[in-house]
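Each of the two complexes below includes chain A, the first together with chain B, the second together with chain C.
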Partner chain A sequence: MKRFMKVVRAEARKQFKNKIHNIWVVFSMLIWPVLAFAAAYFQFKPFAFEAITEKVSYLNDESIMTYLMIGYFAMVFFRSFVQSAWEFSSERIYGTLELIYLSPANRIAVILGNAIASLLINVWMFVLFMTGIYVLFNHVPLMNVPVLVLALIMMVLMSILWGMLLNALFLFTRDSGMLFTVLEEPMELFAGVKIPVELFPLWAKGIGLAFPLTYVIRLLREVVFLGRSLLEVSSLFYTCIFICTIMFVATVFILKWGEKHNAITGDMALF
Partner chain B sequence: MFIKSIKATFIRDWITQLRAYPMHFFIGNVLTVFYTVLGAFFMYHLLFQGHLKESFEVYTGTTDYMTYVIIGSLAYALVVRTLLNVSRSLVTELRQGTLESLMLAPFSRLGYFIGNMLQQMITSLGEVFLSMIFCFIFGLSLSSINGVTFVVSLVITLYAYFGLSLCLGAVMLYTRDTYISQNTLFLFIFLVSGVIFPVEYLPQSLNIIGACLPVRDSIFALRAAVMNGVSIESLYTTYVRLFLLGTGYFIVGYSAIRKIERIALEKIFG
Partner chain C sequence: MIEAINLKKTYHTKVKKGLFKREKDIVEAVKGINLRLEQGQIIGLLGINGAGKTTTIKMLSTLIKSTSGEIFIDGVEINENPLKIKQKVNMIAGGERMIYWRLTGRENLWYYGQLYGIPDKVLKARIDRLITLVGLNEKQDVPVERYSKGMKQRLQIARGLINNPDYLFMDEPTLGLDAPIAKEIRAYIKKLAVEEQKGILLTSHYIHEVEELCDYIYILDHGEVILEGTAKTLSESTFETKITVLELAEINPAIEATIQKFALDEKAVIHEQTHAHIMRFESKNELTESLVKLIHSEKLPLSKLYVEAPKLEDTIIEISRRVSI
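Moving on to the complex of A and B:
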């Protein structure tokens, strides 16, 4: 365990040193999400909320800002890990991936360190922005804060595991741009960042269920808007924990498999 | 010389498009339209079941939300595509290592960019037509289109986008970055240009900046041509504004590029 933590710390520190001066994080993790968030807010403006009160009871002119905030807040967490995984694949291009594989460092520890670093570097700005927006515009009184805190912890946990899974996947292929195309826009649409997944047709629901973000957003919205107690959302919590387990097992498996694959083909840097 | 440059660039870009960059941007751009339109479709039909505020009709003069959004999305795809190709052309040369040899050749800069533009116009119009296939499924209606107005609007639109793309190209060549500048501009255009919602909902300050970009007027003109079938005369002021904006951006962008070219060449190894 001590060695494990050492690797996590070392990798996190490395990423920190690598990225902290990088101005583009400001754009990808603050300015772009803010612009997208604003566009989503105004996209709702032409619609009459009175018509849907029986369908989505909590959605109205006042709550829409908070509603979208939850979606984008959670999405930025997950997206930050898509991005960190994408950057991790540059280890292959720099030729440092081989060095990692040659060292006795625990692979899980390496990608966990990577994920934690990106959590710290990437999302704090957006968290600040969201807090500001919340203080200024929120019309939804906060109910049962302890459950909300639990839900937020679940969000962070799930997004970290999501990041680790992606990291493991990216080690497989050089063509990481493709995964980016698949994960960016569809995640925003199908995970219910703007539109509740419950209203989707079956096929779209199916796609949505594949994204862990879907469950997190649902959990957060149920807690914030409907004031659900821990007991009422316990099944959602269990689902989340179940997905976390699957993601973790998959990560371990993919990492082992990928390393074996690379060892056989022997073209770690070039493949 | 001028025509020769256009032709040469056109042919070269065409070959590059076919051989070096397999469908990546092409598919990416069509998918962006798809997701935007699908998102709007879900929102309109599933969430709100067609219930629009009255203000939407007041601002836009229509209740056909889907056609409104689809035309906006297609125009947005067009501007993204133009900016992606024309703006990136010189910085791509720099990255490929061909900028030096290009600058040694006695070519017409303007011809180069126009050739570039013409080539990308064909690809992006191809994308737009491909996208239209699923747009019809989502409810695009062309029943009241005025063909002549549409073509004139499209030509002036492309002219204005061309000017804007030269400005972005200058920024890209100077900063040697494409990712940050292009994505920031795209998202900003998406927010302020009335792509999927009327700009009247935006706060005043954003509207002032939005009016300085040609995208808003171009989308207005294209919508008017397709949805209301208006005559050319009624869009006269919009056309003049688009033309002036396009020319303004063109002059600024073109002269900036001429200056930055030299800096870029000096920094080629640094």
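Moving on to the complex of A and C:
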């Protein structure tokens, strides 16, 4: 276990140093989600919410800010992993993946370290920003803080596992650009980040089910807006745990299968 | 010792034929190679692109799986215990890849050391030693992107030694380096074999490099070892004739006539030289003994007499010529 943690720490530290070579890089990571959040807010603000409120009881003129805030807050966690996994695939091109695979290091530890680094690099500033916005503009009183904390922990756990799964996928695919396109924008649209999933037609709801982010956003919104108890959201928690298990098993499988497959095809790198 | 027995690798690939159509293709990259590498020894793999050098290295280093054949490293078959084998080997490639440019030299070594689970104290001492070994003390805390090509290559060597491997696979370690830096790197490689008892497998397009460094050479062509031996034995088995060189202090028509008669008697051919007093005799056997007799009997003004060993480069050219025929 000690050795496993050493690899996680080393990988996280490497990614951190490799990406944060300039303090402005950190600030630049805040710009996109803030702009997207602001654009979504001002798009919705002029419209009447009566029709929506019929389907989403807690969504109204006053709660829209918090509603979007939750969507973007959760999305930044998940979306940052899509981008970092895409960047991680460059390890193939630079030949460093080959050296990782030449070593006896635990592969799960490597991608976990990478995922944790991505989380720390991409998310912390947006979290600070959102906390500020929440303190200044929130009109929804906090009703069930302990369950909210659990939901947030679930969000972090799920996003890390999502990151690990994507890292594993991107490591072994040569068409990472295509995967990036498939995962980036559709996740924002179908997971209900800004448009409530309840308003979607059935086919779009079906696509939304494929993204773990959909469940996290629903969990967070139900806890924040409706003050649900742990018992009331237990089925959602179980669903999230089930999805986490699937993601972990899939990650292990992809890593093992991918390494074995590449050892046969010789596709690991291009040196 | 590393021992590869009848090593084969076949790739099943798909070749695009138009937008949707793909055809299966079978490429036999390695077709039954046998080789041995002992600690303290440097062996060379020579061959043109596509000969199977890199595939062989990747199989030996556990990165790719052979289609058939066996590889034993210190008596252990590599598929039996790959994690143990990974501790014993490492790989160094030429060029500027395989290191993180935004990290410093020390940070790169620290990262790779962690992947091998080396205890922190041991790792720190090893990094210090390696940085000194490759002469990067002053630049160890500078990001790699500010290194020169030679410095990056030296860092690669340090990186390849981070797990203190018994065997090192070097793929074109001096690729693209200036002559003085390449010479320096070659000196490191020799030092690693002699002083640190590393077994080194080297591939290079620079034949003089292989000739200078390698104790034993395998020449590959289309995935097969077509010739193996030391540089000397390779030449001996390739060329049927020997070159004996005679240098005289002076030359005159009388001496010239004597030499011509000698060549005729010995069925030797005299190759033209830029200097008339240097004569290269090509014959089936070495001519030193008979030339010594001639010098004594004719009182020739001898300057030098020696047998010219063919260069490895000439050997390779000759072998390539025969293979292409």
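Going forward, the second predicted complex is superposed on the first by the 260 of 271 C-alpha atoms of A that agree within 3 Å, B and C clash if a C-alpha of one lies under 4 Å from a C-alpha of the other, contacts with A are read in each partner's own complex, and residues count from 1 in each chain.
The criterion applied here is as follows: contacts are C-beta pairs under 8 Å (C-beta built on N, C-alpha and C of every residue); 3 or more make two chains touch, one makes a residue touch a chain.
Remember, it's a predicted structure, so these values are computed and weren't measured experimentally.
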| item | value |
| --- | --- |
| Chain A as common anchor, with chain B and chain C clashing or fitting | fit |
| Touched partner set for A:A74, first chain B, second chain C, both or neither | neither |
| Touched partner set for A:V7, first chain B, second chain C, both or neither | second |
| Which superposed partner A:K194 touches (first chain B, second chain C, both, neither) | first |
| Touching partner for A:V56 - first (chain B), second (chain C), both, neither | first |
| Partner chain(s) touched by A:I264 [first = chain B, second = chain C, both, neither] | second |
| Which superposed partner A:E185 touches (first chain B, second chain C, both, neither) | first |
| Which of chain B and chain C A:M154 touches, first, second, both or neither | neither |
| For chain A as apex, the angle formed with chain B and chain C - C-alpha centres, to the nearest 10 degrees | 90 |
| Which of chain B and chain C A:A38 touches, first, second, both or neither | first |
| Minimum Cα separation, chain C to chain B, after superposition on A (Å) | 11 |
| Chain A-touching residues of chain C, taken from the complex the two chains share | 9, 11-13, 29, 54-55, 58, 61-65, 83, 86-87, 89-91, 93, 95, 97-100, 102-103, 107, 110-112, 114-117, 143, 159, 163, 171 |
| Contact set on chain A toward chain B in their complex | 23-24, 27-28, 31-32, 35-36, 38-39, 42-48, 50-52, 55-56, 177, 181, 185-186, 188-189, 194-196, 199-201, 204 |
| Residue ranges of chain B touching chain A (in the complex, touch as defined) | 24, 27-28, 31-32, 35, 38-40, 42-44, 46-49, 51-53, 55-56, 65, 179-180, 183-184, 187-188, 190-191, 196-198, 201-202 |
| Parts of chain A lying in touch with chain C, wherever the complex brings them together | 3, 6-7, 9-11, 13-14, 17-19, 21, 94-96, 98-105, 110, 260, 262-266, 268, 271 |
